[in-house]
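First chain A sits with chain B, and in the next complex the same chain sits with chain C.
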Partner chain A sequence: MKKHKRQNSFIALCVAPATLLFFIFMVYPTIDVFRMSFFERGAYSPTENYVGLQNFGVLIKDTRFIVACQNTIFLIVAVTIVTFALALFFAACLTREKVRGNSIFRVVFYIPNILSVVVISGVFSAIYDTKNGLLNSLLSIFSGKAVSVLWKSEELVVISIAIAMVWQAIGYYMVMYMASMSAVPESLYESAGLDGADKLTQFFNITLPLIWTNIRTTLTFFIISTINMAFLFVKAMTSGGPNGASEVVLSFMYGQKDAGLYGYSMAAGVVIFLFSFALSALVNKATEREVLQY
Partner chain B sequence: MNSNKLFKTFVYICLLLLAISILVPVAWVFLASVKENKEFYGNPWSLPQGFYFKNFLDAWNKAGMGEYMLNSVIVTATALVLLLVIALPAAYCLARFNFRGRNILNTAFAAGLFINVNYIVVPIFLMLKDGDTFLKNLFGGGFLLNNLFVLALVYASTALPFTIYLLRSYFVSLPFEFEEAGYIDGASYFKTMVKIIFPMARPSIITVILFNFLSFWNEYIVSLTLLSAAGGSKTLPVGLINLMQGQQAKAQYGVMYAGLVLVMLPTLILYVAVQKKLTEGMTVGGVKG
Partner chain C sequence: MLKRILSLIISALLITGLFAGCGEKEQMDKKLKVAALSSGYEETMPGMWQEICDAFEKATGIKTELTLEKNLEDVIGASMQGGDYPDVVLLATGREAGLTEQLIKDKNLTELTDVLDMTIPGENVKVKDKLSGGFTESVATNPYGDGKTYLMPMFYSPCGLFYNKGLFKEKGWEVPETWDEMWALGEKAKAENIALFTYPTTGYFDSFFFSLMYAVGGPEFFDKVTNYEKGVWETEEGKTFIDIVTKLASYTNKKTPSQANDQDFSKNQLMVMQNEALFMPNGTWVVGEMADAVAADGFEWGMTALPAVAAGGDSYAYTWMEQIWVPKGAKNQKDAKTFISYMYSDEAAGIFAKRNAVQPIKDVSKLLSEDNKLFYSVYENGAKAAIGNFAAYKSVAGLGNPADYFFAPINSLVSGNITKEQYVNDIIKATDKMRENLINK
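Up next, the complex of A and B:
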């Protein structure tokens, strides 16, 4: 009996601090996002007024918010597809092909992942600069005439951000897939090769199905992380400009907080919460396959 | 056989292109950080004419990057210590003991993996702001916002789900004989945990430290929000944003690139030292916030 009591107090002592902090800094703020979206609260008027769904009513008519939603969806789709295609391609190259300098490539590709998004935005401001940027000067050299593309103009800015995001993410996911691909037994490829299956067939019929579980998990987390990374890149690279052309939902939410419209900001927060949960549930369902063993 | 060779060439070209697209811009920033300001108006591919170290001195002293570096070191170190002290015992108990509420807690922490701190940064800010107003009425001054320790506490708290998930999955895999041996020798629960179990978890603990070091060191949204006082203390990435915005207006590129180098150098050095552990460790975790 005494032992039982000692054990219980030991467990309580170990678990309590983590539980307490988790509730204060994660659970409570999450609930607060939903609660505050029904209230009106400003930076200089600390009182809260219940306004029902009014914040959402304004939100769906806000053109800046609609642009932000479109940009978020575009970035999720484009960045996910390109990153996964490239990460899988490079992972397959480095595990299946006997490439010289294999480990050097792996080390180099992972570098962008350890840099702060602020640093990456600085690097890309050197690349995208209109007059003296690396990209324009490279294009000038190859085309033979002076090129001065405005990479951060209203038309191109979202694509420029997408490129930076892919650049940052490839290495991480490549290393992830290299680990699971190297676990696929060599004998499967050997027998497929004897049957005359070429590399592309091997990739789609052996590699992809066997690492599917890994792809599925990473895909769900990648989508959530892309919503967040898009915000980090936009905030550091463009602050949503020019003219709100590169705004994403989270940067819109943060901008409304800076403008002092806390309730309105949280209505956008609710949208992003529900959207990301719905999307990951959808992806999880859509990618469901029979788990293959080897 | 010929098509095979062609494919191999194609693979090498792709690999080299990606490697160049990563190495060249990063190397360019390093070179640009020792260029004089007038060198930025010519051909961007020209090498620096000299080693203009004054950029670094200006960034360190005038732009305050030295002070911000110290702040970042303090915040990152404090957050890491807090995180380990809080997460290790919790993960251990959640993995090794059966108690009431264990399943609920496990589910709650797992759900926390899906909540990104940037989704909830505004309510956290308002909570601390309200706390400050309350303290001001009570004692005449608040200390929750613009406080490096509170920032570190928020970092540690929001890293709990990932850290507990990672450590717990390791603790679950251990056989129970280790603890039984400890108890037979008369060691207390606490002593068994600290002296027997934690030393075995060293590889997982190192993974936790590496990943959280990078995420705390590079983080800037929460830091920007919670350390908002004009002229108050800032962390390195936020200082860099200010430097980038300020220097572009004043067109002093050299100092800006020196600032960039100052922020990325510590992470690059760490990466070179431990890159093998880092890329091996991530497959243990499998997820990233």
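Up next, the complex of A and C:
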């Protein structure tokens, strides 16, 4: 009995530092974000006025915030679907097929993930260049006339950011899917092959169901990381321009802080927090399946 | 027993460590904490601010501790939120993070009017007698319009329209003196596939707009616009102003908006150097910034003031100026003021001038390099100096900065996504709110 008690207190002692740090640096600031969203104050002024829900009332009517929300949702949906599809496709190719230079491809796909966003934005600044850019030059070759698409113009800027984000994310998710795909027993494919199932049927009926748990986890990753990464990409590639066309919710929030509206910026933070929480829960619920054993 | 001794030793060590930390902190408090933005001047020839601090210590015996960062807001901002303030800060208004503006809005700056009457260390001159005229009379230094100075002027640089002198010589074009000549030139250039205008980012329109306000309606119109006066956009001057801006947008290189961001702005600057556009608003720093870029044959920098509205009218060149200030929370305010007064000494101005940073003091032209003399002579060639800024108003949720309404939509004007009417209506709606929240009504 005594030994048990001592063990418990030892465990408590061991987890105490981490718990303490978690509360100081995660829980307390999060609660403080909610508290501050009811106040109006500058970032550097010690005085704050209680304004109740006024910040939220203004926020839902702020056209800049609405544009930022639209862009964020577009990026979450588009980047997730495209990355997801491509990563699965490449992962299946590299694990199931005997591709020459298999490991080289794996490295090549993974490289963008270790590059810093600033480097990526530099790379894409060259790719999207109107006059000598890679993309416009390629299009010019195929169309036979000089093409000068303005990739960072108001109409195309969000798509251009999405392309860069997909390019950056594919490698990471591909490696994750490859890990779980290689754990699927070879015998399943063999017997399916004997039954006359083609590669596509095998993929949808064997591979996909068996790595489903992994896919569910990565979907939550997608949502959270897209919200975060979108901010970094926008900050580095376009600074939210032209005329706010590529603003996303986090860059909106950041900009409000610079405009001296700390409370307002926190209100935006609360909305983002609740939104990403709800979306993750929703996705988690919608993708619930019976876990298959093999 | 051994354990107990060991733990005693450890705790003793920890405690002394704590106190050692305190001692250090106390000593740091005695030093004058100087925070300065590491801008182009410092980057081209590092060591400028260290040299200044060393010279200041020699002249006054006051020790300094220098914080020098490119992203100064991120570095001092965090500690300021924690209540730890630098004593003296060189950081101009008009930067993206807007730290200086926020302190102005919250009235968190120390009044510096008495610095004007201080004697410059090592010289027998008062600061106000050494400063060039007009530098401490605008909102840029007296943000509340009550004649009290809260920010002191530092490095100044004339801003205007930059162009390729070589191209004008080659084509036999004249630099336009009125806007009508400007549009005529625009047509001529269009025939040669050259756009009349470009801009690095819309942020560069500040100098352009202020000069244009002066050119259109003199100081009265400037005051009306920067104080968000009601009905100003229905006046004749207001309409002329908007007409010029929208017409210029239609003459702007179509590629400009997609490159008008912090990543690609130099591509827009390159347009002028490679004869894809004739003019861009900029400051003298652009010469150093683009020194390594490949320009068209025969390229040579030229700078002109903004054209006059009518023949014989006044032309203006905006004076861009940085500011030095003391936060209210600074502990060492007396020494901070001494430090600021030292900024106007011949010694300090000489150190700055080596990097082409020009102080607003009398006889500074003697210290200028040949290149710079050319730019700074714009005022001697008939252009008037435009100085000032938008008046400060209380931050209101949902209401952005003047730049969001005046400058940023120009990107959309150029690409044709908004009309002139939408542009003006948004300005009128926003300025109505700004006027209601003016700090000094």
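To be clear about the criterion, the second predicted complex is superposed on the first by the 270 of 294 C-alpha atoms of A that agree within 3 Å, B and C clash if a C-alpha of one lies under 4 Å from a C-alpha of the other, contacts with A are read in each partner's own complex, and residues count from 1 in each chain.
Criterion: contacts are C-beta pairs under 8 Å (C-beta built on N, C-alpha and C of every residue); 3 or more make two chains touch, one makes a residue touch a chain.
Computed from a predicted model, the values in this text were never measured in an experiment.
Because the two structures share chain A, they can be overlaid on it, and in that overlay chain B clashes with chain C. Touch criterion met: A:Leu250 reaches chain B, while chain C stays clear of it. Judged by the touch definition given at the top, the superposed model places A:Ala236 against both chain B and chain C. In the superposition on chain A, A:Ser125 makes contact with both chain B and chain C. Touch criterion met: A:Cys93 reaches chain B, while chain C stays clear of it.
When the two complexes are overlaid on their common chain A, residue A:Leu59 makes contact with chain C while staying clear of chain B. By the document's definition of touching, of the two partners only chain C reaches A:Tyr264; chain B does not. When the two complexes are overlaid, the chain among chain B and chain C that reaches more residues of chain A is B.
Once the two complexes are overlaid on the shared chain, A:Phe109 sits against chain B while remaining clear of chain C.
With both structures placed on the common chain, the touch criterion links A:Phe204 to neither chain B nor chain C. Taking chain A as the common frame, chain B overlaps chain C at a single listed stretch, which among 130-138, 148-156, 184-192 or 256-264 is 130-138.
With the contact threshold set out at the top, residues 46, 121-122, 125, 129, 236 of chain A are in contact with chain B in one structure and with chain C in the other. For chain A in complex with chain C, the touching residues are 40, 42-46, 54-55, 58-59, 61-62, 64, 121-122, 125, 129-131, 148, 150-154, 157, 236-239, 241-244, 256, 258-261, 263-264, 267. Within the complex formed with chain B, the chain A residues making contact are 6-8, 10-11, 13-15, 17-19, 21-22, 24-30, 32-33, 36, 46, 86, 89-90, 93-94, 97, 99, 105-112, 114-119, 121-127, 129, 132-134, 137, 167, 170-172, 175-176, 179-180, 199, 214, 217-218, 221, 224-225, 227-228, 231-232, 235-236, 250, 253-254, 257, 262, 265-266, 269, 272-273, 276-277, 280. The residues of chain B lying in touch with chain A in their complex are 7-8, 11-12, 14-15, 18-19, 21-26, 28-29, 32, 40-45, 86-87, 89-90, 92-94, 97, 99, 105, 108-109, 112, 114-116, 118-127, 130, 133, 153-154, 156-158, 160-161, 164, 188-190, 193, 214, 217-221, 237, 240-241, 244, 248, 256-257, 260, 263-264, 267-268, 270-271, 275, 278-279, 282-283, 286-289. In the complex of the two chains, the chain C residues touching chain A come out as 77, 80-81, 83, 96-99, 101-103, 105-106, 108, 201-202, 254-255, 257-264, 267, 395-398, 400-401, 404, 408-412, 415, 417.
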